[in-house]
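Just below sit the structures, each encoded as structure tokens.
Note that subunit A is present in both complexes that follow, paired respectively with subunit B and with subunit C.
Now for the complex of A and B:
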């Protein structure tokens, strides 16, 4: 069964005047045990997509179309009370910069305990506390440090606490928005290793939102590339980003530009041409391909006709007229 | 001695035995000291880009602050333009600082939101009393904006920070630095808060200014991959000390220190295996620097060798590795000779 089934989802923000469509008819399926990475520049809609899943969008946003099923349960159109029952137990969310969201006045163990008792009020306190310790151990925090305050922890340790908290009610799906962005390299690698281990041992499905292609490549099976509110490419990480034995074969010029913009020890010591310009303004209608203005290979066709989504190989598709090399 | 084509022999900055200690109180009346920077020496030549790389809390930003004389070093020399900045004060310090400029990490925090771009760039001119008339300063500001690729400069000058993207704001910070015609720019994580697309543009601009105007950079980053593309030399910093320094190709291609090796392992985005070999634990606190080699409690090589006594008892010095002369130095009792 699919843990997550997003179909034809559109998210709109009320602007003054008009509306801005941040997510435009996006579909996304996450199978049980799968890890999917969502990448793209800021403002391309990846966070809006992530926030829409547990209905945590800000007040000026509305879901304009589509459906979201989490573990088979429809989320769109449910009341706040009903969705609250799904949050944490079916789907947990780690926000960007979440490690700074811990309450500085309370000990770490008490904060996790609170999360457990809020969702499982019938569980005796001692049992719940045993679970807190188990969770902390699971994310690599020793029992003796459970009674620490957040300020006694480094950024990486606090992020571990947030992950422990997210796992408190055994969700089937964890959505992590930029989980490693504010950390330094060693802590980043430790958190990524932890996520990999949790996937293996806890049967956890993962949606990881990041602009860091290296992090996505390390943790995720599949990658979804978003640009200007739409999915422009999706495929296995091995196929799109490559792995030692597999040659990377990104099919969309935007994906290629993203990869090139990322400095890598494996490539020559030179700066790529990179990605000039900005994503388009989504509050006005765009004719043709959304990436055409920044695309090095854009033809007149691209500026006139919206490109179809073309299957490059089984499970790998790209929204580009020239995904297969020639216009189709 | 290998030398980069873009760097010439003129030393723009010579940091000698720099030490920065911060006094702290631990509880009631117990005073102790944080050894944030502990005996650091390095040189930067004209047109050279030197990257300081290390984890958060390793002291790399403190080194930058000391070089800018934004804090007073405990001891050591910071020689630039024939003067020792560590000894200067007041007006003389301000005059010497003209040739050193700094770019900060956060382009959202480093600009005053009520100040137009023009005023942000013109402010250092006014502070240093450069330019005899308003029109002369105007020209300097417009030139600096143009140099930072903020085009058209006349229009950008009238804008407020909130009207600019993150990349554009960082360009304003660069323009404000360039208007002083510095020899050296200290850049503290200048791209880590920017989007990938903006990053390349900022790095390109910095390198372009180096090529055209011979500006040197002290480039502070935690990302070895970024250092790999921009820097001529890399200095790896661990707990307030340089543990390895050398040409970028040597340090990345044939690292000698086990800490450099560990940083490279986590930076390599195509190691084949998903799970990484990662150092255990966090950087120990600069309040309690381990005895002997400060890296030994986390060192994989120390474990491999069965915990040799020398690592626990003797602090290794930063010595030349192999035949490379003074070019490549490493502070490890069991430094690997580069091939």
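Now for the complex of A and C:
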């Protein structure tokens, strides 16, 4: 069964005046045990997509179309109380800037305890507390540190606490929004290793939102590239980013540009090539391909006709006229 | 803790231990701070003499002087701080008057802080029409010339200490509301509120458990300012003759001293006694307040 089935989802923000469609008819499927990475620049709708799944969008955002099924249960249109039953038990999340999601005035064990008792009020306190300690140990925090305040922890440790909290109610799916951002490389590696291990031991499916291709490559099986609110390319990580044995074959020029912009240890030593410009303003209608203005290979066709989604190989598709090399 | 009572309940429950530890560390923090220690000593002294003093030296309001020679007498063995224009004992009146000053100051502060915190919290948390309405009301109170208003209200509603407390309390909350609101506006955008919301916490719980404790240091810092202000406001009102004539506060004593010409008679004991009392009480509260703010603000806790 798919733990997550997002179909044709659109998210709109009310602007003054008009609306901004941050997520535009996006579909996303996560199978049980799978890890899916969502990459793209800032402002491409990654976080809006992530927040929409547990219905935690800010007040000025609405879901304009589509459906979201978490473990087979429809989320869109449900009441706050009903969605609350799904949150943390079926789908848990690590927010962007999660280290600041801890209340500085409460001890970390109390905050995890809050998560457990909010969803399992019948569990006796001692049992719940034992679970807190177990969870903290699971993410590599010693029992004697459980009664610390958040400010006594490093950024990486706070991130671990958030992961522990996310696992408190044994969710099937974990959505991690930029879980390694604002951490130093050592902590990043530790958090990624932890996520990998938890995937294996806790039978967890993962949606990881990041602009860090290396992090995604390490953790995820499949990758979804978002640009200006739409999915421009999706495929296995091996196909899109390459692995030691598989040569990368990104089909969309935006994916190629993202890879180019990312420094690599193995590639020839050179300054990474940046991509000029920035994503288009989504509050005005765009004709043709959304990436055409920045695309090095753009033709007149691209500026006039919106490109179709082309299947490059089974499970690998791209939204580009030239995904197969020539205009289709 | 006594040696016999350390049963399993006390040792297995970390909560009460932690709270006790936290309390003692706040106390230690205040005590190790120079200003804080000075404030605590001053406050302890003031509270001691005005709470215990009248029990030892009761003041008899009808014990007037028997002859002209007993009026505005200087300090003597019978009257430690001299006598008033009515021949009453200044020292004993001073002890009782301090209670009135403290009572009005504290009750006005409680009113102002509750109002200011509540309004600031609601306005900052629910941006939108609730915020707009509450803030316009706050602005209205903020631009009112407070002292003339207090004088008018006190003249209208009488001169009892309850009315004085209400009037001062109802005019001192706007600054607190504004400060609390601005901090809440910033706090409500933090991920910790999103986390609480995702856990299913309702607005009241988020406000009470996650936002209010985070603005508590601000409330404390403000409380001291409001308290000092209230004591001073009460003294000013009483000095202007709007205090309760039956229950004379330190401000009323100054008023009586001024009216009876104690200043020009050179009866310094009549003026200085309540004057110094007001200064010491306000200063003590300020010093303790600053020290508490320094200790209780968790972000400043490390940098001691």
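Keep in mind that, in the parts below, the second predicted complex is superposed on the first by the 326 of 328 C-alpha atoms of A that agree within 3 Å, B and C clash if a C-alpha of one lies under 4 Å from a C-alpha of the other, contacts with A are read in each partner's own complex, and residues count from 1 in each chain.
Assume a contact is a pair of C-beta atoms (placed from the backbone, for glycine too) under 8 Å apart; a residue touches a chain by one contact, two chains touch by 3 or more.
Not measured: the values here are computed from a predicted model.
If you put the two complexes together on subunit A, you find that subunit B and subunit C both fit without a clash. In the overlay built on the shared chain, the residue A:184 is in contact with subunit B alone; subunit C does not reach it. In the superposition on chain A, A:316 makes contact with neither subunit B nor subunit C. By the touch criterion defined above, A:157 lies against subunit B but remains apart from subunit C after alignment on the C-alpha atoms of chain A. Rounded to the nearest 10, the superposed model shows the Cα centres of subunit B and subunit C diverging by 70 degrees about the centre of subunit A. A count of residues in subunit A touched by subunit B and by subunit C gives the higher number to B. Of the two partner chains placed around the shared chain by superposition, neither subunit B nor subunit C is touched by A:256. When the two structures are aligned on the shared chain, A:93 is found in touch with subunit C, with no touch to subunit B. By the touch criterion defined above, A:104 reaches subunit C but does not reach subunit B. After the two structures are overlaid on chain A, the closest C-alpha atoms of subunit B and subunit C sit 7 Å apart. Shared interface residues of subunit A, touching subunit B in one complex and subunit C in the other, do not exist. Within the complex formed with subunit B, the residues of subunit A that make contact are 41-42, 154-157, 184-190, 192-193, 196-197, 211, 213-214, 217-219, 242-245, 257-258, 261-266, 269-278. Note for the complex: subunit C touches subunit A at residues 14, 18, 190-192, 194-201, 209-210, 213-214, 298-299, 302.
Residues 54, 56, 84, 87-88, 93, 95-98, 100-107, 114-115, 118-119, 147, 149, 151, 165 of subunit A are the ones that touch subunit C when the two sit in their complex. Within the complex formed with subunit A, the subunit B residues making contact are 55-56, 165, 195-197, 199-201, 203-204, 207, 222-226, 228-230, 248-249, 252, 262-264, 266-272, 274-276, 278-279, 282-283.
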